[in-house]
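What follows is chain A paired twice: with chain B in the first complex and chain C in the second.
Up next is the complex of A and B:
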């Protein structure tokens, strides 16, 4: 996913993604509080508007990046045996990539 | 006063053990090091390091009641009984309270703890403004006792790769020095997920430093410098 995100890049992405995730959750949450959708169609129209689509896509991308950096840190810290560490990192990468594909599918086609 | 002291002689002991000992003659101004020296009079096999005895040399860092500190400046009166004395955590024990700090010094050496100047060196002396000199306060005072690095969980987890708070504080001491000209090389040498970025601001280092220094802050400053460097 972000194979070159060693050191500084990983650290920076972790922080930038955290800021974006926080802002997105606050704005999307406020939207539901201030102007709650009255019907499925209304909600669907809101979530499929181009701005919301792009913002949601970036949100999930940020969540995946954030999860990658955070869980990678946990694995690097706690799993010392190289082979197990490598396998876990590959599994984590594949899982997150799979989730990314799934999110993209939902956002692009509307199918679960 | 009761003590529980970590004992291990690899030549005779199969495993380390805690030895309970008592010291009856306690003076009110006694430091832990004084007590250890009294105990050594009764049992000369008890091994520990010390030199200056006044918190300057950094030889006698120990784990005292679970917290790293210098035995020579730790008053007995500040400690709860039985006083548990152990070697610095995570380091190979040579004997009793003496640990092998080879790894620690290897990291220190790797950050090139000296001024690197590419321009011709001035004939007489390097001049610094008081403001430039001030930037070294809180950095140059480090005595390399190892209390911070051996209290750092990130250092316990990746001792071969993570430089540790002491070496990183020293690294920033030279990065912050107006006379040093190797900033880019120094920063480059700290890149990657291990050397610098294993620090998760746990702050055990700042908590235990017997000189009151703050390696976590220095590490944060290095991250800022790295960021400035790529922008």
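Up next is the complex of A and C:
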């Protein structure tokens, strides 16, 4: 059951994350064009406002999930040797998890 | 594994002509990998920009510096292409534009729209 639904889950996650990323970038991008931050204080205040902080956290989470499914597809398509494929997938997973921890730290503590 | 080794492979790159739809598909992949590679840089800039006014200024000067222009153009291309091609694939998932002519037209549309947006952004920035 689990193994049979994995492909579908990846497919679905890829599309849901894509939709969120697109909407977030359009809204955040419009904000940036219409009212660009003029100073550190404005920028900091914008990012650390509760709504933006949660939206940004979800954005990075979506990006990392999206990158995982996409890069996993690329690795599975082009790397046929099982051992190398396994190592690359582990490295990719660790890299993305590390980036997630980094973003979480920035949003929780690095943005005092 | 051993069985598939002997399959005939035809990879004369001068003879293979990819249709526009295939170029969108492969471009989407290339752009996706490029965007993946830029994630650490993006997070670094976010980190830097939130480290007080000095870090904020530093992040701005990195974004505005001359050496950053070429990578910026590549990354903007990657993002815009990935964005438009991604919308195209989502529409195809919804059974919109599946037939050959429509798929070819939307592929040209992705390439054209990407180039136009890229040009507009580059001209606006510099």
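Definition applied: the second predicted complex is superposed on the first by the 105 of 112 C-alpha atoms of A that agree within 3 Å, B and C clash if a C-alpha of one lies under 4 Å from a C-alpha of the other, contacts with A are read in each partner's own complex, and residues count from 1 in each chain.
Note that a residue touches a chain if its C-beta (ideal position, glycine included) is under 8 Å from a C-beta of that chain, and two chains touch if they have at least 3 such contacts.
Small disclaimer: the values here were computed from a predicted structure and weren't measured.
Colleague: Mind working out whether A:88 is in touch with chain B, chain C, both or neither, as first, second, both or neither?
Modeller: neither
Colleague: Per the contact definition in the header, classify A:65: touching chain B only (first), chain C only (second), both, or neither.
Modeller: After superposing on A, A:65 lies clear of both chain B and chain C.
Colleague: Answer with first, second, both or neither: which of chain B and chain C does A:10 touch in the superposed model?
Modeller: First partner only.
Colleague: Touch check for A:18: first (chain B), second (chain C), both, or neither?
Modeller: second
Colleague: Is A:40 touching anything from chain B or chain C once the two structures are fitted on A? First, second, both or neither.
Modeller: Second partner only.
Colleague: Return first, second, both or neither, reflecting whether A:80 touches chain B, chain C, both chains, or no partner chain.
Modeller: both
Colleague: Touch test for A:106: chain B only (first), chain C only (second), both, or neither?
Modeller: The answer is second: A:106 touches chain C but not chain B.
Colleague: Applying the document's definition of touching, compare chain B and chain C: which contacts more of chain A?
Modeller: Of the two chains, more chain A residues are contacted by C.
Colleague: Intersection of chain A residues contacting chain B with those contacting chain C?
Modeller: On chain A, the overlap between the chain B and chain C contacts is residues 80.
Colleague: If we count contacts the way the header does, which residues on chain A are in touch with chain C in the complex?
Modeller: By the definition above, chain A touches chain C via 15, 18-19, 22, 25, 39-41, 43-44, 47, 60, 63-64, 67, 70-71, 74, 80, 99, 102-103, 106, 110-111.
Colleague: Mind pulling up the chain C residues that touch chain A in the complex?
Modeller: Residues 1, 29, 32-33, 35-36, 39-40, 43, 46-47, 49-53, 56-57, 83, 86-87, 90, 93 of chain C touch chain A in their complex.
Colleague: For chain B, which residues count as touching chain A in their complex?
Modeller: 153-154, 157-158, 190-198, 200, 223, 226-227, 230
Colleague: Which residues of chain A touch chain B in their complex?
Modeller: Against chain B, chain A makes touches at 6-8, 10-12, 72-73, 76-78, 80.
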